[in-house]
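Notes follow once the structure below has been shown.
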Amino acid sequence: MLELFADLVLMPLIAFLFGLVLVLMARRVRAKIERRVGPPVLQPIYDIVKLYAKKTQISHGLMHDVSIMMLLGGFITAEIFLPVPGLDGLAAEGDLVTLVYIMMVPMLGLALGVGSCANPNGSIGISRALTSMLAYDVPFVVVIAGALIHYGSSNLIDVVRIQQEGGVSTWGVTTMPLLAFAGLIAMHGMLGKEPFELYIAPAEIATGPMVEMSGKYMGALFVMQCFQFYTVGVLYVTMFLGGGEMWLTFLPKVAAVIFISVAITNVFGRYKTEDVIRWMWRWPTAIGLVGLAFVMLKVN
Amino acid sequence: MSPDALLVAEYLGRALYGGAILLIAIGIYAMVARYNLMRVLLGLALVESGVNLFLVAIGFRPEAAAPIIVGGVTDVPMVDPLPQALVLTAIVIGVGVLALAAALLIRVKETYGTLDTREVAKFLAAEPADAAPAAGTAVAGTPARETVNAGSAS
Amino acid sequence: MIGLLDTLLVLALLTTVGLYVFGANRFAGYIGMAAYAAMTVIVVLVGQTLSGGETAVPSAMAFTVLGYPMTWRIDGLGWFFALLTTGAGFFAAWYMSGEWNEAQPNKRIQHGTLALNVLAMLLLVSSGDFLSLFIGWEIVSWAAFAMMTQLGGPAATAALRYLLYALAGAMALFAGILIVRSATGSFAFEDFAAAVPNLPTATKWVLFVLFTAGFGVKMAIVPFHLWQAPAYSFTPGASSSFLNAVSARMGLFALTLVLIKLMGPALLAGMDIAYTWFDARSALLWLTAITMIVPTYIALMQTDARMLLAWHGIGQGGYMLLGILVGTPLGLAGGLLHTFNYATYQMALMLAVFAVVHRTKTADLDELGGLITRMPFTYITLLMGIIGLAGLPPMNGFVSKWMIYKSLLNTAQPLLLIAAFIGTLGTILSVYKLIHNIFLGQLRLEHREVKEAPLSMLLPMLTLAGIGFVTGWMPGLALSMVDIAQSALGIGLQPHHLGGVDLPNGSLNMLWVVGVLIAAIGVGALIFYFLGNRRWEVSQYDNYAGGHFLSADVRYHFSHEFYPGLARVIGPWYRGWVVKMERGLQTLVAVLGDLSGGVFRFAHTPFYLLVAVSLGLLWVGLFGKI
Amino acid sequence: MHGYGRTTASLLFLAGLVVMLYALFQALPFGAAPMQVGQEIVSRAPGETGAANIVTAILLGYRGFDTLGEVTILFVAATAAGLILSGAGAGDLPKAPGGFILKAAADLLFPFLVVLGAYIILHGHLTPGGGFQGGAIMAAAFFIPLLASPTSPLNHSTAALVEGFAGTAFIVIGLASLMWGEAFLTPFLGKGTLGDLFSAGSLPLLYLAIGLKVGSELAGLMARIVEVGGKS
Amino acid sequence: MTSGANTLVLPIVLPLLGAFLLPLVARFGDGLARALGIVLVVVNIFLGWTLWSAVGTEAAVTALGGFEAPLGIVLYGDRLAALFVAVLAVGALIFWPRAEHGGVKAYTLTLLLVAGGSGLVLSGDLFNIFVFYEIVAVASYGLAASSGDKAGFGAALRYLVLGALGSSLVLIGIGLVYAAAGTLNLADIARLAPEKLSGTTGLAAFLLLVLGFGVKAELFPVNTWVPEVYAAAPMRVTAILAGVVSKLAMVVILRLLVLVFHDPAAISLLMAVAIVTIVAGEFAAYRASDLNRTFAYSSIAQLGLVALALTIPATAGILAAIAVALHHAVVKPAFFVIAAKWRGPLAGLAGGARVAPAAAGLFVLLALSIIGIPPLPGFWAKLVLLGGAFDAGGAYAFAAAVVLAATVVEAAYLFRVVARIWQPAAGAKPAHFAFSDLSPALLLGVILIVATLFVAPIGTALSGAAASAADAGSYVARVLPGRM
């Protein structure tokens, strides 16, 4: 019981801290590509502290505040249901499907909060964000379905166990490379990086969802980004890269996954909404479906 | 029965049945292809005559007598009396119907001023004053706005 | 010998008569509440009898007409739907008890038709053979028709369309039950269940198609879906929410009864379609997949809040049927649980939307906005409702969807799972649009003085939302009711506990999920309130405009065409094939009608007779025995 | 429906009809009348009805009920015609008188026709002829004067009276047998000697009723048509 | 041939006697004539009822004139006949003509209609049936034109021409039958039919008889008189014609089918005609422009159903035919009562529910019943019909499918009208109903509801009637006891 309680406290904490590292990495990588020096190591923390410390904390009503709580709460919950080395948390009480759904809670919270800010630009941003969610979630569910069929279990602990017992040859990335590839693309979309960052589009809609966010609201969004990098990375590692046998290999795997995403993002421009949908529903989905077909052949 | 009688019967049969059919055909032609109601009625009378002829012909027997017993002699071959009785009834019925038809004809002429079946048909067809032909095109429609989206991508 | 079921039916009958007579009374809503509550109590008592080992509670009512016996008895499956019916009736009556009642010019009809529908549905779910099933079915259809038309307005037009669909379905059904009788010699369920495995394949197919089409019309399975949304959404008030919540589910009841209980999923799976990979069950499963997706994305494009919800109702029906057709105990439990869950959140949603309509006189999503400040409790109801409809934790919609997904995984049907997921994604987009366009964004000037809905309407809404939350947190409560229904189906029960189900390959314990989620949101609240400076609430319209001019005098609300990018992509896919098919059918009937009418109108009668005689004689010559 | 299309179509169908009816009729055994019932009637009629004219025996005896119906049809037609014509503008146009010759001839013919009609009616059971034929002649007797002098219309109420009583008489005669426990229209009174005027029991009575009824009906019917027809 | 059976003739001759006397009685006042007519009709109801209760499975037979069966004319009174005698009289009683439509002459014609109709169902002789058929026909020609309506004469003449041509066909048919079998007695024909009438001649005779009687039975394509006559005739006449008289012709076809024509080809011929009739009727009604025509077409379709029922083998078919016919006899006249007031284009009916709620409600009740919605009697009639069809299988199942599809069309046009009635009035409001205008329809509505409540005993009674009507062997045995 005590151990579980420790899990529950530790898991979000690690997620936040390593998320900071991932954010830092993303910014540094970007800087390197742009031949800049990039921010100092503690810059993510400075940013968050600064935002929380701002004097005017403008709120647009209770729903605005609640949305921030849902945002953080949703990710904290997700961390608790995501197994990491040595810490299974509550992963047995809710499976991958549950996790996928829990990850939608922060999205919904954000959407509600932005909506209640009554800024049309925010609403447009949310409209775009939800549209792009629809775009990348289609290949994502194909990947999820394929992976679940492959592992024969939706319990993430089982998924990790199966990969670790068989070694690298049973890792998802080797047994179902097409799904892994499609999953990577979907994950990239999930992170909202170019070319899929249409919902932020500062030149068009004044940064969209974030338009009314300042102070600790913005700070919470920063925290959310840490969680998001971490969660998405861990999820991918868990499904395709053998999960975490130990922290030393686990964290680099997560970082590597995120690195791929941040490394390629800079070479892209921004897709239009329609193009995001078309592209996502065409290529990754097709690749995923082929991968799924292989999985089905193997299962039967 | 003599072979002659049989031969006579055969030709008579053809003539009688043929005549009946001819009468019926002429009558029907008058009813179908002519537009004057008077001719239609005359055609009807012809058809009835033809049918009666047919009925009477059924009862024919070669070398048989009329079905009246004369002098108590009952064993002579007689033609079938039943069709004759039927025809008698049928004729009277036909008379009644024709008489009624004539009465109606008078009223039709009086009412519409014509005996042309086409005119009468036109009058009847146009009777429901402002017959809205589109009475049923749209059985059920959702209000315009909703129909736009009530589609299916399947 | 008056049993529980008889008491129930008599009570429903008395309520119907009473409310038709005294429905104009200002206490009519309370009378209705009391009656439905009493009915619910009786249903619960019936449930106790059923869980005590009885297979069915019989009625003393029985007729024999023309040698066909008709009986009524309620088994677990019927009980489950009876509970939904009386419960929904109770909440609808509650909603209509206070201020609503005073505002309605035709409350007698509203109360009367509601009671009539409850009676009809109770009759249907307690039918004991195919004949009484058909009778109940027809009565349900016409009771719903009465509800739609008696109040007039656009619903009446939609109702006509409904009527034709319902009647076409009923005729298919009629043919079905008569074929059953021809094949088995009786209308009895038991005889059919015993005889159906040995019937010729063609007969099985005919019956399958007829029953699926007949009952499917009521469920609005694609391609029989066109009627439902307009018909349900334009029916005023609580009646509409009742229709949405349980009326279409009668189709599900009957489909479950015939396809699962009597024919059985195994039998359906054995009916292969030649030259394809499909069999009867999988073909129908794919039809439900289409039903999950197509209506959901049609809902996404709606501009009327009621239409939007009603279209979702059709899509949700697809999930239920999907789960039930999977045919495993888990799938069945999921499908049935979803029926229950859907009834709670859909009713809450409809009631909330009607509360908005009650206050603002419009349900047009382009003409609302910002009401969160004026109607916060209605907002909460709607929020909880949409979370349930979208199937997110912590509401109950998640649990049932999870079970359905899980059953698809366990039977290795990933494509259906993907279809279900895609439907859910569309639902999320659509429900966000719903809540955003009504409650978020900027308040319109004409709605500045709008008041919160009265308590008499808020309470049932919030109670329903609360039920949705509690059964999401503790799905075991609802699952034990599902158990009773499932025990009547002969497929086996799904073991469960208070928090969900334990499966060897991935379990769900909502006690933990919800607990952690709430706790985590609490942590979020702690972070929010205890870190950083105090929040400073500004006017809602004190917005950053990115250089554009926005003022408080002109209200901007991004609501019209909420998903433009998506609409540009999938817009061309809305070809309206089904609409075109429907129009084509209408045109065909009209042309045939004109042809036949022309024969009569421009009659040249002797000519027809001549033709008939000539052709007839020719026929005689050709085919007569020489 | 216009032009020659219909004529052509009619002729085609008519040709078909003729061919097929001919084929059908040829298949019937002409000259070999079935005589199932006919033969039996021929052999039994004299004994059972006492009528020498077997057609009469059939009409009034074996198929007497048909005859009642037949009379009724005339009555129906007359009533219906009366009903239909009742609204027509009768006699508002002066009708040309028939002239002296016509009138005198009609007056002259009247008694002859009445007597002839009565004869044919009364000998219906013995010789060809009977109530219908006689009735028609009787009707002619009353109708011809009307043609000759259209201004003196037929007394419809008298005709109706005769008609009504005659019809009633037929039925009452028929019903009378019911009182003896026999079936409707069972002949009663003695059969007499075959060939005698007073033979065949009640059949001549029926013929009398028929004759009167047919006569009055036909006369009334035609008179009505003439009355109205004069106008248009 | 018990002496009690002799009274079989009374339902025919008493109205006949009354009809002959009516012009005489009318001299003492039209009211007296009217009273006499009504009394006779009531007597006929009583006679029908007496006959019904007197005959069980054993039908009453009387040889008229005492001439034994194949020679003379017999009357055959089974429950079927009794039923229709009573129904016809009830119809005539409810829809006794109004004084303004022909007065005493109309009374006379109605009485004659009753007499002729009773004869039609009671008679056991083919030619005698023809005679009574003609009585009915001529009386209805006269009544059809009695409204004084302008369209009435043209319509009646069209009716007459078609009817007379049809009668000629019947006569040819009778001639063919007689030429082949040599007898006119139905039982005798039934006895000889397998031997003499199973060939082409028999089939041709059947065709001609069906087309001939089909004029009254409203079978396609010889029913083209229906819409105009029903629209132009006085409502009360239309009600009787559509409600009862058309069924009498069906009874004749029923007798022919049961006794004489068992040829599968004949059955399929009638079935084809029935299907076309149903389709043509329902579809034409869908596009009809006013209520009267709508109901006229609808009645065509309903008679198509009866004809279809007749083709279904054994008792089930006959039970279905009787049930559908009886149901229609209750419903359709009531419809015509409503249509009589609500004339003109359908669009003009908007607001009807406001003006005349009782009529509107009754309309819905009748529509529901005629579509076949349980638990109304129409449902049970359709149940028996379609149940029999599906039991028979094959082409019958196809026919049943057609019926079911046609039912949807039927609902479409009926409820389109209902929707109109409930719309708010645009422009002129539809006519208001005085109680006396609506009372016949209300009475029929009450009958309908009562029938719903007592559907079980009614079903049992009709089954018995159908079973005895379907028993050809017993018919022959009763009529020709010595000649089996």
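Every chain is named by a letter (A, B, C, D and E) in the order it is written, and numbering of its residues begins at 1.
Just so it is clear, a residue touches a chain if its C-beta (ideal position, glycine included) is under 8 Å from a C-beta of that chain, and two chains touch if they have at least 3 such contacts.
Since the model is a prediction, treat every value here as computed from it, not as a measurement.
Traced through touching neighbours, the fewest hops from chain C to chain E number 1.
Ranking all chains by how far their C-alpha centres lie from the centre of chain C, first place goes to D. C-beta contact counts were set side by side for B-C and A-C; A-C has more.
Farthest from chain B in terms of Cα centroid separation is A. One finds 29 Å separating the Cα centroids of chain D and chain E. Centre-to-centre, using mean CA coordinates, chain B is 21 Å away from chain D.
Our note on geometry: chain A versus chain E, Cα centroid distance of 78 Å, whole angstroms. For chain E, residues that reach two or more other chains under the stated contact definition are 127, 131, 134, 138, 141-142, 145, 153, 156, 158, 161, 165, 178-179, 184, 200, 204, 228, 286-288, 412, 416.
Listed for chain B are residues 24, 28, 31-32, 40, 54, 58, 82-83, 86, 89, 93, 96-97, 100, 104, 107, 121, 136, 139, each touching two or more other chains. Looking at chain C, residues 157, 160, 164, 570, 590, 593, 601-604, 606-607, 610-611, 613, 617, 620-621 sit in touch with two or more other chains. In this structure, the chains touch in the following pairs: A-C, B-C, B-D, B-E, C-D, C-E, D-E.
Looking at the complex, you find that chain B touches chain E at residues 24, 28, 31, 37, 40-41, 44, 47-48, 51-52, 54-55, 58, 82-83, 86, 89-90, 93-94, 96-97, 100-101, 104-105, 107-108, 111-112, 120-121, 123-124, 127-133, 135-136, 139. By the touch rule above, chain C contacts chain B in their complex via residues 154, 157-158, 160-162, 164, 222-223, 225-227, 229-230, 290, 293-294, 297-298, 301-304, 307, 570, 573-579, 586, 590, 593, 601-604, 606-607, 610. Residues 158, 161-162, 165-166, 169, 198-200, 202-204, 207-208, 211, 221-222, 224-228, 263, 265, 269, 279-281, 283-288, 297, 319, 368, 371, 373-375, 379-380, 382-384, 386-387, 389-391, 393, 397, 400-401, 404-405, 407-409, 411-412, 415-416, 418-419, 422-424, 455-456, 459-460, 463 of chain E are the ones touching chain C in the complex. Residues of chain B that touch chain C in their complex: 28, 31-32, 40, 117, 121, 125, 136-143, 145-147, 149-154. Chain D contributes residues 1, 6, 9-10, 13-14, 16-17, 20-21, 23-24 to its touches with chain C in the complex.
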